[in-house]
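You will see two complexes here that share chain A, one where it goes with chain B and one where it goes with chain C.
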Partner chain A sequence: MASISLEGVAKVYPNGFEAVKGLDLEIADGELMVVVGPSGCGKTTVLRMVAGLEHVSAGLVRFGEEVVNDLPSRERDVAMVFQNYALYPQMNVADNIGFGLRMRKVSKQEAGRRVKQAAQALGLAEVLDRRPGQLSGGQRQRVAMGRAIVREPSIFLMDEPLSNLDAKLRVQMRAEVARVQRRIGVATIYVTHDQTEAMTLGHRVAVMRGGLLQQCDTPQILYDRPANLFVAGFIGSPAMNLFEGAIATDVETVVLGSQRIPLTASVQAARPGLKRYTDQPVVVGIRPEDLPAANGSDSGAVLQGDVELVEALGSEQLVHFRTDARMIRAEALDSADGAAGTELSADANVARVDPRHSVSSGERISFALATERIEFFDPHTGLAIWN
Partner chain B sequence: MSRLQLGAEPTTARASKRARRREENSHEPGLFGVRTWTKTRLALACVFAVVAVFPLLYMVSLSFQPTDDIFTTHPTLIPSHPTTLNYVQAWTENDFSRFFFNSMGVALLTVVLTVVLASLAAFAFARYRFPCKELIFYLFLAALAVPSVDLIIPQYILMARLHLTNSLPGLSLIYTSENLPFSIFLLRGFFEAIPKELEESFRLEGARTLRVLTRLIAPLSAPALAVVAVFTFNFAWEEFVVASTLIDKSTRLTLPIGLNSFIGEHTTSWGPLFAGSMFATVPSILVYVVSQRWFRRGVSVGGIR
Partner chain C sequence: MDKPSGAGFRRARQRAGNLLTPYALLIPAAAMFAVFIIYPLYRQFNISFYDWHIFPGASNPGVGLTNFRAMFKDPAVRTAAVNTLLFVVITVPIQIVLGLAAAAILTDRLPGRGLLRGLIFIPVVTSWVVVAYIFAYIFAEQGGLANAFLSLFASHPVHTDWLAHRWTGEAVIWIVSIWKGIGWSFIMFLAALDGVPRTLLEASRVDGAREGSVWRHVVLPSIRPTMAFVLVLLLIGASQVWIQVFLLTGGGPYGSTQVLLGVAYQQAFSFFNFSYAGAIASVMALVVLVFSIVQIRLLRRGQVR
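For the complex of A and B:
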């Protein structure tokens, strides 16, 4: 059992590409840290450096107090579940799960007992004598998990372990992963590009982009207080609506196209930094669920838009709408420098609306806006505006 | 439930493939619905098979015939007076059994050396980064382009300086060096096709490089290793020119040179020569038959595809 600590860790490949830039991250013993980000953000490289499969170009990787930069992977006591499971095709399930135990000279009897125990816990008892090629995707995934947990490692690493499963199985296995991690109770790094997996699994979530850590916090804080435009756009589905706006001179209203949204005193008090942006452009972020359809009795702030499309999902309606304020979208696949750039998007904005509220395409709709839930970002740096 | 489904999938796929083929064939006019092209290919294959197998069959036949029958004006494939005398004579005269075991020793040692060295080198080429890697690899390949006859004098001088003339292990070294380029080329392609994650997982489980090679890479590369082993064995088993240059001590002769001893200045013992040729041929065929399951897969999916 050990904590993991990354101090200024960087990875530069021989061709000069900087995959990870000065990463600082602490994962406590027993914690499940999810590293999430778009393709090429460096998240898998981080995992591989922790596993000892990639050389660390700069910085320190510690397990507990021990610096492990130069420790071979076989001596790190790390177990890893690979994206493609990496099951040994020449061995049956029992041998796959027990291989690590044999390498560590665990007695045959003890190894057999532990393999059986792990197989039973993961529902693999019936397939112990089968080869990986004879298993379904879910079973293979479980064998990979079994192989990782059976030797009780100090650190558990998972590299997009659910990405090869279909949507239904993924939900099922997500719960399985959480259960297994809780049971073994060791520091775990889980890499994914799926923000739903990140939000549901992680005790904390580290969002990466272009080799840089954007924000690391609990899922709820990431959702409620994104540090920058990228995190705001990346976390949440549908994504946060981002508009180009401006703060009026009196800091009491924010201008979105031709609409003026009053800001309450509590909003101004919570974000004193807004004063610096008077008469200047800001990016205004509003989550889809913070845009319920207004009924006549609403007296608060209202945002109006033209409905383009309504998607009825049963429990809610996703209303795609447009306003005359310019829409902005945080880039998902951006330049490698990690700057939180922005680009104009042709996509419509989205609001989650009660299914009992009648909405149809082409109509003008008013949303009751909870102004204290609005996020503000600097359009140049992309950083959230708080203080 | 899942077992039934899993088991059923390949069977269903095969059945539907067969049905599709039957359907395709049924559209073709002709005998039993077999395509004309298929029949032509079958006929051509039969012709080639006869051309390839006939000399072997004829050799088998002659090896069981007395010398008088061999020189008859009406040769037959089925011996009219079958005898095993040629085999007894071939095995007991001229120290032939010694030549057989010399050749077997040289061939087996060459196979072991080639498989081990080529695997190690191919693994390095497939998995490691080192300066001038590709240049070195292409230098190995360039060796394939040099006719082995051109190398005989340098090889002789080298072996003489190493005091390895008239040495069977010395002969094995030369054979190994001649087989390494192709073997490395073949194995590198095969090793590169093995997912790197398997090796990484092995290492995370605590395995060192040698264990990775013996427990992971080798079992997964059995077809390619079989190709290397068969090619190498046959090469070392039947090689004549280098052996006749490096070996002149009668107790160290190998089988191909030993066979030559049946050909005298004025007469040739044809019966024992054919029987000796059978001793020389059967191991090659056995090696192929035993390993053909892997051999065919290795040739079709390896680097020589």
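For the complex of A and C:
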């Protein structure tokens, strides 16, 4: 049992590529920390440095109080689940799960007992004498998890463990991972590029991009108060709508194209920093669920748009619409493996609308805007505007 | 009305053509194989039951198993068999161990490993004649490098005539063969080691395995098919050793370093005893055939996951 702390950790490869830059991160004992970001953001490198598979170029990695920078993997007492599972093809399931115990000189009896127990917990009791080649993808994934938990490690690392599974199995195994982690209760780092996985699994989520930590907080805070444009665009599906806007001289309205949206006193009070942006461009972010269709009697702020496409999902409809305000593409969407379900929203704005409200493409729609839910960002630095 | 339509007929012909194409493409290779391998093998086996003469029109009386019986009583054959067996037992394991060791060292990120890889492989592609001359010089009695080197450690100059005595001659033959052969097993193992998934090595290290255990439990099982392949091809090659013996010692002194293929060659082309040579070659071919079958078995077993 130990906490993990990274202090100014950096990784520079021999070719000069900086994969991770000055990362500070604390993972408490028992905490599940998800590290998320687009491919190439350095998240897997972080995990590999913690595992001891990659040399740390600068900074300190601590387990508890102990600095482990130069400790080889086998002495770190970490367990890791690899993306491709990395099961030993010549060994059967029981030997795969028990390999770590054998290497650590656990007695045969004790090892056998623990392997059986882990197999039972993961529903692998029937396949203990099969080889990995004879297992389904889900079963292989379970074996990889079994191999990691049977050792009762003090640190648990998972590198995109669910990305090779089909969508249905992934949801199922996600719950399984959460259950297992809660049961073994050790500090865990879970790496993924899937923001849904990050939001559902993480006690806290660290969002990375280009080797830099963008924000690290609980899923709800990441969602409600993204620190910058990148986090705003990366977290949430469909992604947050981002418009180019401007703050009027009196700070009482925000201009979106030809529309003027009044800002209440409470919004101005919550974000005193907006004063510095009078007559200047800002990026305005609105979550799709904060755009319910206006029913005519609303007296508050209204945003109008032209409906391009309606996707009826039963529980809700996703209304793709356009305004004359320029859209900002969140950078997360530019990456090849951006959050799932955001493909369309890159081309249009999306609103989540009650399915009982009839909407059809081509018509003009009015949304009732909750202005205190609007986010503001500096268009140059991308940082959220608060103070 | 049941007549095949023109199109259907064409299609049927096309299908037959598609089925025949692979066989048609195999004909050239099969013909070469038949003319240069199958027929000579058969002929050699066939004449070993006769007292066969190369002159056209000479009488070739059948002698039954006489040649085979003579072979098992021939002291020259016995010496050659011992030498061949020793050659196999000594050179094959050393080539495997050293080839694997070199491959293991040179897969790691070592500065200048490209050059080293090339240097190790050069002997494989160098002509046996050139190699034999170089080593004949190294192990020469007068002015040879080996003697000069050993003289550094001795109280008086060393004048060993390496190639003129049985065991020193054998030693030179083994050393040359190992030196020239390592590059091949090295390349085979290099490719095999490259094929071992990196994550498997990493997983085993995270699991607490030391480097020795990583090799025993992950690397060696992964390269087992290559191991079987290299082992059997080396066995087959080594059992047919001859050219280096012919070039270095000529089988001498007094046939003491001679090998089986050398006896067969001598019987055929020095003494024109084609039938006797055929008997020796037939027995060797049988042994090689057994090796080949073992190879196929081992390879198949290695493929089962």
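Please note the rule applied: the second predicted complex is superposed on the first by the 373 of 387 C-alpha atoms of A that agree within 3 Å, B and C clash if a C-alpha of one lies under 4 Å from a C-alpha of the other, contacts with A are read in each partner's own complex, and residues count from 1 in each chain.
Everything that follows uses one rule, which is that a contact is a pair of C-beta atoms (placed from the backbone, for glycine too) under 8 Å apart; a residue touches a chain by one contact, two chains touch by 3 or more.
Note that the structure is a prediction, hence the values are computed from the model and not measured.
Asks: After the overlay on chain A, what do you see for chain B versus chain C, clash or fit?
Replies: clash
Asks: By the touch definition at the top of the document, which applies to A:Phe82: first (chain B), second (chain C), both, or neither?
Replies: Both partners, chain B and chain C.
Asks: Which holds for A:Gly362: it touches chain B only (first), chain C only (second), both, or neither?
Replies: neither
Asks: According to the stated criteria, A:Phe99 is in contact with first (chain B), second (chain C), both, or neither; which is it?
Replies: A:Phe99: touches chain B and chain C.
Asks: Should A:Gly314 be classified as contacting the first partner (chain B), the second (chain C), both, or neither?
Replies: In the superposition, A:Gly314 contacts neither chain B nor chain C.
Asks: Quick check for you: in the superposed arrangement, does A:Ser136 touch first (chain B), second (chain C), both or neither?
Replies: So A:Ser136 only meets chain B here.
Asks: Using the touch definition from the top, say if A:Gly16 reaches chain B (first), chain C (second), both or neither.
Replies: neither
Asks: Do any residues of chain A touch both chain B and chain C, and if so, which are they?
Replies: Touching chain B in the first complex and chain C in the second, residues 51-53, 72-74, 76, 78-80, 82, 84, 86, 88-90, 99-100, 103-104, 134, 147, 151 of chain A appear in both lists.
Asks: What residues on chain B touch chain A, complex-wise?
Replies: Spelled out, the residues of chain B in touch with chain A are 2-3, 6, 129, 195, 197-198, 200-208, 211, 216, 219-220.
Asks: Within the complex, which stretch of chain C touches chain A?
Replies: Those residues of chain C that touch chain A are 197, 199-200, 202-210, 213, 217-218, 221-222, 224, 305.
Asks: List the residues on chain A that touch chain C in their complex, please.
Replies: Its residues touching chain C are 51-53, 72-74, 76, 78-80, 82, 84, 86, 88-91, 99-100, 103-104, 131-134, 147, 151.
Asks: Would you mind writing out the residues of chain A in touch with chain B in their complex?
Replies: 14, 51-53, 72-74, 76, 78-80, 82-84, 86, 88-90, 99-100, 103-104, 126, 134-136, 139, 147, 151
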